[in-house]
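Have a look at this one before I ask anything.
Which chain is which? They are A, B, C and D, in the order written, and residues in each are numbered from 1.
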């Protein structure tokens, strides 16, 4: 079965191939491109209050959606060239966080837990 | 049908709910958290040559996988609190790039196209 | 006359020279290192309210000072290898912003001005 | 004696004051703005080889200078609202790195040293 993410990865591969852009798509360069797009996403929120960030008007939401689209594309592409399974990597980190952040100790708290020791 | 991404979004919602962390998860804060994780990802590549970034040893690949996991989690969570469909947003941006970057004009070139006009 | 910034740039040059690190300090790599450090700085503020970010306790302020130190070092080093005068570059951008943001039009507003045209 | 950096900090304070923008300039928001500008700086280098990043043409160098100007302004402003001395913070971190990175052990190496213990 092909998932939504695999379909995007395949579409990106073809997009890059027909433009002969593989030469630019090293993991190093893709990490930079991802970082640049996240910078644009952060910039959308920089002067907003917490409350305003939760009630974006349609225009702002459209810009944020576009930036999130860019971030998603570079993240999928980076994982693809590295042979990393995004979904598995995310579940593994969430497993780790579930162990580190015992709800009884961290309920309602933004404190950082000590590093994982597994 | 529940996709891999929806499953992660639902798992994250529950992870956050039992810890009463919704109060921290404004779009503004999540964009910052995403940015911090991307900073850690970029740091993994900063002193590597292009070639080295394509041939990571197992230890480096493990660290990169973990950072990509963190980035994916915050990206999914941010999209979820904003009600944005990650996959649709990514396809929309790729549609736009396919229009802006005519293969005949941009083959093998890293030039930036003029902004989209549609 | 040697300014504080020139003194730091010279001290950094010597620090890098005795370690034979010039090979790593390309503008591309230094921009990445700067980005990684800014990610750590942003992470210090990600779960804080606006008000909390204005009243850091001594421990948090110490961490933020250390991150700001790192950011400053990489920024100075990047400008140095590119032969860019940081202070002149900053004044030039502030001149531009002073022209773009007429106080009568932008007082108390976080709206973005149209791009500079000069 | 007023240094170049103090002069910029004072000029920024006045620029902000006449526009009544102090309300937006919390440390949290300024860290985000800094991050956004660093994202634009990184984007200038993302598709360049190491070598190309060392030989920018005048147009690219002009764009990089402008981004470095923006980064410098937000860094100075952030340090100013927090009451942090940029230059002292940078020297303190360079002192720490000089202790952690013994030239005899790290000459020509991009390995990361263990965390400082002072």
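What we mean here is this: contacts are C-beta pairs under 8 Å (C-beta built on N, C-alpha and C of every residue); 3 or more make two chains touch, one makes a residue touch a chain.
For clarity, every value in this text was computed on a predicted model and none was experimentally measured.
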item	value
Pair exhibiting more inter-chain C-beta contacts, A-C or A-D	A-D
Superposition of chain B upon chain C: rotation angle, C-alpha, nearest 5 degrees	180
Whole-Å gap separating chain A and chain D, where each centre is the average of the chain's CA atoms	25
Between chain A and chain B, centroid-to-centroid distance (C-alpha), Å	2
Of all residues in chain D, the ones touching two or more other chains	24, 28-29, 31-32, 35, 38-39, 42, 45, 47-50, 110
Chain C residues touching chain D - in the complex, by the definition given at the top	3-5, 8, 11-12, 15, 18-21, 23-24, 26-29, 31-32, 34-35, 38-39, 41-42, 44-45, 48-51, 53-54, 56, 61, 64-66, 68-73, 75-76, 78-79, 81-82, 84, 86-87, 89-94, 97-98, 101, 103, 106-108, 110
Chain A to chain C touching residues, read off their complex	28, 31-32, 35, 42, 47-50, 110
Chain A-facing residues of chain D, complex	24, 29, 32-33, 35-40, 42-43, 45-47
